[in-house]
Structure formats: C-alpha cells, structure tokens
Amino acid sequence: MFIRLLLHLLLLAGLSPLLIGVITRTKAIIAGRRGAPLWQPYRDLGKLFRKDMVLSSTTTWVFRAGPVVGIAVPLMAALLIPFGAIGAPFSFSGDLVLFVYLFGLARFFTVLAALDTGSSFEGMGAAREATFSCLAEPTLFVAFIVLARISGSFTLDTMFGTLLANNLQTVYGVSLVLTAICLFIIMLAENCRIPFDDPNTHLELTMIHEVMVLDHSGPDFGLILYGAAMKLMVMGTLVVNFVMPPATGHLLLDAGLYVAALLALAAGIGLVESGMARLRLIKVPQLLIGTSLLSFFALVLLLR
Amino acid sequence: MNTPPNLILLFVILFNFFILGTSRLATCIRSVALQGALLSLLPLFLHTSTFHTYLLAGGAFILKGLLMPWLLFRAIRQVRIRREVEPRIGYIPTLLLGALTTAGAFIFGDRLPLLPAHLHSLFIPAALATLAAGFLMLITRRKAITQVLGYLMFENGIFIFGTLLAEAMPFMVEMGVLLDMLVAIFVMGIVMNHINREFSTLNTEQLSLLRE
Amino acid sequence: MTPTFFTNINGLLLVLAVYLTGGLLCLISGPRARLAHPLGAATAAIASALGFIATLPALSAVAPQHVALSWPAAGVDLALTLDPLAAFFLLPIFLLTFCGALYAIDYLHFPDRSWRAGLHWFFYNSLGASMTVVVLAANGLVFLLAWEIMSLSSFFLVTHDYQEEKVRQAGWLYLVATHIGAAFLFFLFFAASRAAGSLDFASFTALRTLPADSALLLFFAALIGFGAKAGLFPMHVWLPDAHPAAPSHVSALMSGVMIKTALYGLLRMLTFLPPIPGWIGIAVAILGIIGALFGIAMAATQTDIKRSLAYSTVENIGIIFLGFGLWLFCLATGHEAAAFLALIGALLHIWNHSLFKGLLFLGAGSLVHATGSRELSAMGGLLRRMPLTGSLLFFGGAAISALPPLNGFISEWLLYLSLFKAGQDTLAGTAVLFMLLAILLALVSGLVMLVMTRLLGVALQGEPRSQAAATAHESSAVLLIAAMLIPAGLCLLVGIAPQLPLQLINGPLIAMLLPNFAAADTTLLPPFGPAWSFTMLVALALLAIIVTVRTVRRRAAGRIGTWGCGYLKPDTRMAYTAGSYSQFAQDTVFCSCITPTAASTRSAALFPPAAQFRQERLDPVLTRWFLPLFRKLAEQAYAFRRLQAGQLSIYVLYIFTTTILLLGWSIMAP
Amino acid sequence: MLLYAAIFLPFAAALIAVLLPSDRLRPWLIPVTALIHFSLVLQLTATPTASAGSLIGLDALGRFILFVVSLLYAACSFYALGYFRCHADWENRIFITALLTFPGAMTIAAAAQHLGLLWVAVEATTLLSAPMIYYNRNRFSIEATWKYLLLCSVGIALAMLGILFVGYAGLHGGGEQELLLDRMLASAPLYSKPWLRAGFVFLLVGFGTKMGLAPLHTWKPDAYGEAPGLVGGLLAGGLTSVAFLAILRSVQIMIAAGEQALVRQMLLALGVLSLVFAAIFVIRQRDIKRMLAYSSVEHMGILVIGVAVGGVATYGAMFHVLNNALTKGVLFMTAGNIHRYYGSKRMCETQGALTVLPYSASLFLAGFLAITGSPPFAPFMSEFTILRGMFAGGHLALSAVFIGLLVVIFIGMGGTVLPVAMGPHMEEAEEATDYRETPLTVASPLLLLAAVLCLGIYLPEPLRLMFTEAAKLVEVAP
C-alpha cells in the first residue's frame, strides 16, 4: 500500500502539469500557432516558486492557507481513486462521499482566501464559485450513484471496473453513456475550463476561478496553479477510468494506456476549448442544471 | 274556571297587555301598581286565613301597590319625563310578541303536571306570561324607568307562582322576597338618580359607552 | 459521596437541586447584580458539569435507572428515568449549558443595582433544570410540566432585552408558536394515556397494540407538537426571529440543545407507538429535505448574522428529520442496514449540530458584542482584530459545512450512505426517490458552503465595514474563549475519532430504537478507527504546520493594500457585501418567494429628495401563510364583537333566549 | 357557634364602620375583620359542623367555598389599606361598610343549608357590590353599576322562580315541602321530573348570570372593568365562587333525583359556550380589566365543564375554584395598580409597566401565566386534572376543543398582557402620575401569587381532603 501511495503521489505530481501543457499546445496548434513547449507549465511553476510575493495588508492566515489546501486536497483525493491499473491506496465503502467533500474543503478555503483580500472582484468570483458548485456537486453525486447502483459498490476503487465496456449493449447502456457525458462536463466545470470559465482571460467581470486568485503571487500562485493541474488530473482520471478501464491485465501496458488516455483527454479538452467560446455567465447555471437533469435522467432510465 | 283567583289572574294577564301597549309612563306605573295590588289579594283567596297570609297580602299590597308607585312617581317628577318615546320595538309588534309568549306560557304550563289542588287554575300560565311580559318590557324599552317597571312585572310573575307555595315556604324566605324587592327597587332608584345626574337623562341608550 | 453513587440518576437529582438552588438564590438576591451574576453562572456551570459526569456512564448502560419522588399534589409520582436515549440528549444539554454559563460571565454586563442579572440567571438555571427533567421524565405530567417551564424560561431569556421592539415581537412569536405546539402535545399525551391507562411512560408500552388509525393520529400530534418546537418546516417560523433576539449564549443553548428536546420527545414517542407505515417515513423525509432546502436558502439571503445562523438551524433540523424519515421507512420495509445508517447518522448529527451551532452562536455573539450590531454589513476584517474568536468561528463554519475531517462531515456521510444503501436495496420507484434525496442533500450542502463562506468572508475578512468593526478588539476574557474552545475541540475530536461517539451511540441506544437489528454491527460504517484517526491527524497536523510556518514567516517587506484592479482608492463601501454575495445564487438557484422584498421610495419631482431603499427579509411561510391566516381568524372573531354592543336590553334578550332554549331542551330531553 | 361568630363578625364590623366618623381610621377595620374572620374559618374547616335539619351548617362544599372566599378576602384586605391611602380624601363610609358586610353575606351563602337562605344571601351580595362598583363615581361606573344591578337582579329573580319550581316539584313527591337541602336530597327521587327540570333551568340561568357563564356574562366586562381592582378581585374570585356553589347545590339535587344526564349536557353546553365567548372577546382586547373579565368567563366555563365531565375532573374543578380565586385576586389588584399609575386601562396607554412598576408588572405577568395554565402555578395542575378527567371520560373531541380554546385565550390574553408588562417605556405617563408602589399595594398580590405557586408544587393534605370531600358531593360517575 505504501508503494502505491508513493506511486500515486509521484504520478500526480509529475504528470499533472503536463496535461496543462498538452491542452495549451493543442489549442495553439488548432489556432495555427506553434505554441509553447509541453513542459512550459513546469518552467512556469519553477519560476513562480523562486519568486518573491506581495501580500495585501488586509489578508490573514486564511489567505496563505488557501493555496496549501488547494494543493493538498487533490493529493488526498487522488489516493482514493485508481490510476489506471494502479489501485487506490486507500479504499473503503463510501469513500466517494469523502472524495466529493474533499473538493468541498478545497473550495471552502479558496473562496475564503479570495474573500480575505476584501476586494470586490475577488468577492464576485467567490460568489460565483460558491453558487456554481452548488449545482455541480449534485451532478457528480448522480454520476457516482448511477455507477454505484450498477456496480453494487460504494467504493471508487471498484466502482468503475469495466462497466461501460461491458454494459454498453445492455439496458444500462444509455444511462452509462449519459453519465460519461455528464462526468466530462463536470470535469470541465470543476476545473474552470471553457465553456464555464476561461483560465486565460483576465477580464475580471466574467471570470470565476481566475478572479479569485488575483491577489496571489509568487509561490502562493504557483501552488494554486499546481493544485489546479492536479485537480484536472484527478477529475480526468475519473473519466478515463470510466471510459477506458484497464483492460489488458498487464500492469505496465495498462499504465501506459492510462497515461495515453489521460493525455488524449487533455487533447480533447484542448479541442473543446478551441471549438467553442466561453458561455455568458448567466447561461452557466442553465448548463449546469441541464447537466444535472441529464444525469438524473440517466438515473431514472437506470431504475425504470 | 270562575274562581276568584282565576279571575284575578285573568285581569293580571290583561294588564300585561295593557302595560305593553301603553306609552304614557304614569299609566304604566299605575298599571303595574294596580297589577301588584291585585296580586296581593291572591294569598287571601288561596290560603286559609292565618296571620301569615295576612302579613303576606298586606306586605305585598303596601310594597307593590303603594311604596313602589310612590318611589317611581317621585323619580319621574324629578326628571320630568312623561312618555316612552320610540321604544326599540313598536307597540303593536310588542303586543304581538306578548300574545306569542302568553300562548307559549299556556303551552308550557300544560306540560307541567299540577297538584290536584291547583288543577284548572291559571297560576302557572299567568306567572310565566307575566314573567315574559316583564322580559319584553326590559328588552323593548329604552328608559331606565320602564326597565325598572319591566323588572317589577317580572317580580310580579314570580309572586304569582310564589303564592302557590306560600304555605309551604318558611316565613323568612317570603319576607326575604319582598325585602329584596324593596331593596332592589330602592337601590335601583338611587342609581337612576345618579344616572340622571350624570347624563341628565334616563334614556338608557346613552348608557352604552361600555362596549366592545 | 463515592463516584459510583454519584454517576447515576442520584447524581442528576443533585444536579437538579443545584440548578434550583442557584436559580432561587439569584431570584432572592434581587437587585444585587454583583452577587447574582457570578452566583448564577457558577451554579449553572457546576450543575451542568456534574450532570455531564453523572450522565456519561448511562449512555452505554443497558438497564435504565428509575427514581420516583412522591407528589401527592398531582396525583402521580415525580418519576424520572435515565436510559440511553435520555443520556444521549442529556450530554449535549449539560455541555452547552456549561459553555453558555462560562461564556455569559464575561459576555453579559449588568448595572450594579439591577434585577435583570438575578432574573436572567434564574431563568437560565430553570431552563437547564427543565431541559434535564424533560429528558428524564417518565410520566406525561412531568414531561409536560417541564416542557412548559422550559418554554417559559426560554421565552424570558429570549426577551432579555425586552426594551427593543424586535425582541418583544420575536419573543411573542416564539411564545405563540410554542404554545400551539404544546397544545398538540397535551392532546398527544392525554390521548396516549387514555389508550394506555395511565400517564406513566411505563404503561405507554400498551400503545404497541393500538389500531393503525389511532396510532397515526398520535404520531401526527407528536410530529406537529414536537415539530413546532424543533423548528421543522413549516412550523419553524418562530425560530429565525427568536434566536437573534436572545443573548448569544441563550441562542446557542436554544438552537444547540433546547430544540433537540423536541427530537427527544418524538423519538421517545416512537418507541411506544406501533410500527409506523413506510409512507409516513417518506413523508417525514420529504418534509425534512424541504425544510433543509428552505432553511439554507433563507440563510443565504439574511444579512443578520444570527438570523442566518438560525435559518441554518432550520436546515440542520431538516437534515435530521430526513434521517428520521429514512429510518422510519426502512424500519417499516425491513431494510435494516439502511435504517441503521440513517438512524445513527441522524443521531450523530444531533450531537454535531449542538456542537458547531453552539460554537457558531457563541462566536457570533462575540462579534456582535464587539461591533454592536448583528448586521454583517457592520462587520468585516474581524479575523485580524479578533484572531482567536475569528479562527474559532472559522472552525465552526468549516464544521457546519461538513468539511472533512470535522464532525459535520461524519454525520452527513452516514446519511449519504444510508440514502445510497436504501436506493440500492429498494425497488425502482422508491429508489429514485432516495437518489433524489441524496442529490438534494448534496445541493443543500453546496448551499451550506455558500452560506458559511458568505458569513465568514463578510464578517471576518476584508476591511472593516464600520467604525465599530475597525476598533473592535479581542476580549481579554479567558472564559469567553474557553467556552468556545470546548465545542470546537469536540468538533475536531468527533471528526478525527468518530469511532468514539459512534461506539457510545451504537450500543443500547441503537438497540432501543432498532430492536431487531444486531447492534454493534460496524461493518456498514466507513472504516473509522485508529487508522482513520491517524491519517486524519497526520494530514491535519501537516496542514496546520505548513500554514502556521508560512503565516509566521510572511515577509513584511511585500505588504501593501489589496490590488484594486485599477481603482486608485478602493474603499470599504465598494467591497462585496453579504447581499451581493448571495445575489447570484438568488437570481439563478432560488425561487422568487424567498428573495427579500424591496421597498424603495422614488420621487419624480424636479428636485428629488433623498431616496430610500430598504430590503426586508421576512419569512415567506410566516408572511404568506400564518400571518394572513391568523389575521383572518382574528377578523372573524372581531366580527362577533357586535354581540357585546353595550345595549342593556340586548343583554336581557340573551338571558331570555337562553332561558327559553334551555326550557325547551329540558322538555325535549328524555 | 363559631359559624355564627363568623357570620356576625362582618356585620358588627360594618356597624362600627358606619358609626366611626374618621375616614382615615375606617380602613383599618378591613384587615382586622378579615384576619379574625379567616382565623374563625380556619377553625371551622378543621372541625366539621354539618348538622342535619338546621338552616345553617357547613358541609364539605360550603366549608370549601367559605375557605376560598375568606382566604381571598384576607389577602385582599391589606391591599384595601393601601388603596384607601391613595384615596385619602374620598368619602369611604358606604364603600367600606359594603366591603365589610360582603364577607358576611358570602359566609351565609356558603353556610346556607336552605335554598331560600342561599338565595337571600346571593341577592344580598349583589346589592352590596353595587356601591362598590360605583365607587369611582363617573359615567362609566354608573353605567356599569346599572347594568350589573339590572342583569343580576333579573338573574336572581329567575333563580327565585327556580327555587319555587323545585319546591313545587317537591310537593308532588308528597314529602316535606321544606327547602332544606338534606331533606330535599333525601326525597329528590320522588320529585316531579318536569318541574324539577324547569326549576333547574331557572336556577342555572339565574345563578349562571351571577356566576357569569356565557351568554349570561354580559355584565362582567363592564362591572369588572369599572370597579376598583380590589373589588374586581373580590367579585371575580369570591362572588363567582359563591354563585358556583349555588349552581352546585342545584346540581346536587338534580343528581339525587337521577337527572345527571341533562345536568351534564346543559353544563357542558354553557361551559363550552363560555370558553368560546371568552376566546372571541380576548382576541385583540385592548382593555386590561375587561380582558380579565373575559378570562373570568373562561374560568367559569372551565369550572362548569369540570363538574359536567365528572370523575376526577370534579376534583379538578374544586381545586380550580381556589386557584382561580387566588389568581384573579393577583391579576385584578396588580391591574388596579397599573391602572392607577397610568390613569388608564387601555393597553396602548399602559405599556412598559415593568420598568416603572417592577413588582406590580411582574406579578401581573406571572398572574397571566398562572391563569392561562402555565406551570408551575396551581391552575396548571387543576386544569391538567380536569383534562385528565375529560380523557378518562372519553370526551376526545371535547378535550380537543377545550385545549384549542385555551390556546386561543392564551394567545389573546398574551397579546394584551405582554405589551403592558414589557412594552416600550412611556415617559409622559411617568410625569403625569404621583402613584408609587408601596408595600401595601404589592404585598397582597405577592402573597396570593406565592400561594398559587406553592399550591402548584405542593398541595397540603387537608386541602386535598377538602377538595376530595367537596367533589364527592357533586361528583357524577363518568
């Protein structure tokens, strides 16, 4: 278990910035640019960690705690899910609730760290984040419930298995496909990707996540970026586990496939981001509620 | 049916109607007094002539026939009113109601079994009818003085019934009845006096400040 | 006095005696506030501390302990019984009474010659005593008696600042609500006593054989009667007014434990009643989730910090009722595993809510004390000025938002598991319902996060929004902090070592409420144990160390004001307010009935005068349902006033009519 | 012998009061008389003196009512001292004479073993209370007095007729025609039923008017509202108890004649009607004394319902007689203080009494809680007992209505009492008045409230026995 734990942490720490790199690269290529090298995120992080930082005199310890929790939570959450064929180091019945609530913990601190600055822009972002998460969280739950109902397990480690592949032809097929779509959308929403949010824009009035971290700088900002990357990887892993579970039975091969799938997912995100614009803020809740309804529809189909 | 008490009672009932139908205060007072005086004869016909009977009859006569009208006349002299203007319900309807209640009294009286000695007497219906007439006076009239008259008729009704039991009841209770009536009228007279001083009228319509 | 003599119901008698003596001494001490204040606080604290110690063993004791004092005046014995169910509710009662008493020593200030100190402590002690007796009562009379005294004591505590109009109104609303609820309870206990033959709870076991419809009648009387006290939607209307009106330690006590005595009453009645049909369980659960959603949505729109917390209480009660409903349903349909999870989750949530809501109210009280206002818009930046209080509040907010590894998370986790389990085990239709409930629960917890971040963010962080907030400072009083540290510590303890409270609950108590279930079955629970504690402790310690080190080592050189996004002089009036924070959620998530009603004066004049804009955050249930209903009734009653019009002759007519009618009756009667 | 002493003492004192020239010394007669009277009554209650065949004697019911009345009177007597000190310049000869005679008449009523005597005594109380109601000598009090006098006289006359009817019913039985209670009870089964029933109706209406059962209660708000607080308390606590006793006497006869069913139904009807009326009229009642009057109507209803339900509820009703009397004493006296301070008894003009009259207002508040049946006060226990009897008798719907109406009344009264006690401070009133609380005006209600509280927690055995024995006389098996 200890080895798996280390492996998980190393994989997460090592691989996650790469995903960001892949996304940016994909977007650049689609846009007809060469784009930054894939390891540019690593460089950015390194630079940020070496930098000095500026702290607002309004802030308190919460401001400093936000980034730390922001990076600690994906690290902990990652321990509950399998990375491809590498099983989860910690796994027990009902851990899916813990998984969801861990991200709640991160959000709590991020939001409060934003409010700690006293800036109205950051307050705006915090309000949006808190509101959207109310809508996104239930959807994630529904997706988990669908999977749990079919697999009969409340454990993230065993819940995914080979569900989609095996049941695509059965009565559960439609539900599972819908759930997969929902999971993907939730991943986008949770990680503040287009169409929900645009990590690259700096127009404060339309942003969610970026506007919350306006006042963070230097190592703190590095932690935040790193944490965001990790979160993307954790959520992406959920999708990958679901759509493409380890199939060959060979450990290394499966690991390779997993990494490939993850990178493919990142590329997919890049494609989506290139292909569509950011939604108007007021439309975001509609999309989220629509996703919730979709997932609930999957549930009803399942139980009908 | 033709015994003297029944005759008296018939007159009493007729007086009821007369009082209900008249508007002149002085006539009203006289009629009530006359009714009382008539009633005071009842014990004499009904019971054997004992000291007790005479005392009852005499006391009633003095109280109902003399003292009461004297008090009331004094009262209307003080406030200088002559007639009951505009009763709450007109005279004709009041008379009709009086007829109705008298009929009711006869019907109800029939349902009550009488002692053999009192069979075929008008005591019960007359008592109840007078009682009801008193109630009607209290309900329909506006002047404090007519309301007192109503109360007196009320008492007359009870007296009619009381004479039936005059022998059976101890002396002191009977005196109590008369005494209480005296005191009641007396106290009411005092209060009327105060009303007149405070409101300079005896119209009880004015006496409706205390309400919800 | 040996410990064995003390740690049982005898000890509780002693506790009652201390409460009563203390209360009476306070009352007798009259206007000598300097005497009454410490005296009352000390007796309340001593009594509750003793009570806590005396009760602890009873939670896991199988055999209930009885004591009966003869009481000829009432014709029944003053019978008390200490069993696990009673002990379960007694522990938080004593705990919060203790904390409240400590807190109040420094929180309340009385002028030297004032009756109010004596009265306050008299009612405080009597509230403590009456809550204890409510939970211990083994007889309907004793229960109702204590129940009414509890209501009255708390009413007088709520109206402590009765010179304020709002406080009076709040107190009045509370009194009315609690009285109506009590009426149902009177009916309940008497109807039960009729079926059982006596008011003794021991004889209530005869209710087991009650026919279904009478049992339902009793159940609904209990649900309404106890629900009104507990703050179950839609009978919660008194709660959001009463809690803010009361002094903060009283709010903590009321919200934390007093309303829980209603839950106790309901559970106690359920142990007597025959099995409740499943659909009732579902109805209760749905009512619970509606209450939770409504409560938390209302909490999000409040700008009064204590009112917001009060609505959060409505939400938590809803969650507890959700658990109860699920338990009842699963019990009726034989899904015992899910029933077990739901019950234990709901029970643990009762404790948890006592802890964090107590903490939050106490903390909020300190803020209110420091800034002189309950409005969030008058606070701001208090975490820097009151670091200890602020951090403790922060902690409470995290706990109530169900963040791992704190206690709120544990109980909500168990509730989710029970919902999943029920969804797994039952047939399609009901399964969808449970899944839906789980989803709604997730929505609720998302909203809790919104509410708490808003509350903490606006009150504690950013720049001060008022002069008072700018000059606020941490109280030097140790007791104030100590009173908050105790529930905070327990929040953490329950989160890190949930096995400890669960072991206490999962014993005779579960056996009482789930008779057919093999108790101590821990396989259904998440793996709480040393490993969990160790992991959580390590994770938490690491986080704490990192944050502390980083905070301490912050470089002073780089400190400037917050970046104003280009504005040169951002001032505090530009800061995000509580209203704007929840505006977005209001516009997108909530239905229109719970948004604040706005009243503005606009002038079309050439030289318009100063315009006003005011928002009112009234409870829609109160303003749309209850107030119109009561007004209508009062108007109807008013129409009958004409019966007493002051005319003497009409009055005589009444006598006449009555006589005639009764005479007619006497003839007609056989 | 003691009984005769208890009867004649007040009359003797009244005589002294008439002869005494000093308005300042005269009030002292009241507490002296009251205390002696009460000590006599205490000895009387300790030694049963019921004697067959005599006009006067104390049976369990009479003893109990006498105790209640005398206790209330004794407690109120100190208040009277304070009261007259406030009105030192008023002529008080008539008032005090009436006040002194009052317990005498009530003692006769309680001790009367003869219906006629009972009637005379009740009539006497009516007449005696008239000058006391009129004491304030203004338009309102004269109106109240007039209404009180006329309505109660009508009622009392009907009661007279009722007695005559019952007497006539007795003639049918061929038994003794005397109106002595024990003889009547013995021969009641032989009575003519129609006469007895009609007689009972007249008695019920007659004494019911005196007692204040709805819809015969109409004089109550006016009289209680305009009378001085002291008199209000004596009327609401003492006189109603005596009238209740008179009704109980007729109930006794009816039960002896085997007519329980009719009695119970009629009492129930009037009782529930009283509760309904009280509930309707206390809602948004702006006048504190009128509110108390309606509360009195309510409690008369409760008493009657308790007797009608029977069983343990009868015991509860007896207990409630005492509780109601004592609590009403507290309420009327403190309301009187508040009235005097503010010069008004309208709710909107008497707010915030707690700040200016701490003792009176808190006693008023506590009295309100007590009278509405909140523990730990004694009315809670008695109402609880009545409710228990109701459920034991299986009156499920009735009890639901009962509980509901009590709640409405609580809300209605609370809506008036709480602003009065706790409302905003009114400064203009403070400047206008020179009334200050003195020990004399506060001690009496305090004493009574303490008694009410004690009775709620601990009921002395002799009292319990007294209730039980009294209840036995009018108890109908449920």
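Couple of notes before you dig in:
Letters A, B, C and D name the chains as they come in the text, with residue numbers starting at 1 for each one.
What we mean here is this: a contact is a pair of C-beta atoms (placed from the backbone, for glycine too) under 8 Å apart; a residue touches a chain by one contact, two chains touch by 3 or more.
Predicted model, so just to flag it, every value in this text is computed and none were measured.
Any chain that touches chain A and also touches chain B is listed here: C. The chain with its Cα centroid farthest from the Cα centroid of chain D is A.
Chain centres here are Cα means. That of chain A falls 79 Å from that of chain D. The centroid of the Cα atoms in chain C and the matching centroid in chain D are 43 Å apart. Chain centres here are Cα averages; for chain A and chain C they lie 37 Å apart. Averaged C-alpha coordinates put the centre of chain B at 68 Å from the centre of chain C. Shared interface positions of chain D, defined as residues touching 2 or more other chains, are 146-147, 150, 154, 194, 198, 221, 281.
Each of residues 641, 643-644, 648, 652, 655, 663, 667 in chain C touches at least two other chains. Among all residues of chain B, those that touch two or more other chains are 111, 138, 147, 204, 207-210, 212. Annotation, chain-chain contacts: A-C, B-C, B-D, C-D (touch as defined at the top).
Residues 380-381, 383-384, 387, 390-391, 394, 398, 401-404, 409, 412-413, 416-417, 420, 423-424, 428-429, 431-432, 435-436, 438-440, 442-443, 445-447, 449-450, 452-454, 456-458, 461-463, 524, 526-527, 535, 539, 542-543, 546-548, 550-551, 554-555, 558-565, 570, 572, 574-576, 580-585, 588-589 of chain C are the ones touching chain A in the complex.
Residues of chain B touching chain C in their complex: 88, 104, 108, 111, 132, 135, 138-142, 147, 204-205, 207-212. Per the touch definition, chain C reaches chain B in the complex via residues 641-650, 652-653, 655-656, 660, 663, 667. By the touch criterion stated above, chain D contacts chain B in their complex at residues 114, 116-117, 119-120, 123-124, 127, 130, 134, 138-140, 142-147, 149-150, 153-154, 156-157, 160-161, 164-165, 167-168, 170-172, 177-179, 192, 194-195, 198, 221-222, 225-226, 281, 290. Residues 146-147, 150-151, 154-155, 158, 194, 197-198, 200-202, 204-205, 209, 215-216, 218-219, 221, 261-262, 265-266, 277, 279-281, 283-284, 312, 352, 354-355, 358, 369, 374-376, 380-381, 384-385, 387-388, 390-392, 394, 396, 399-400, 403-404, 406-407, 410-411, 414-415, 418-419, 422-425, 455-459, 461, 464 of chain D are the ones that touch chain C when the two sit in their complex.
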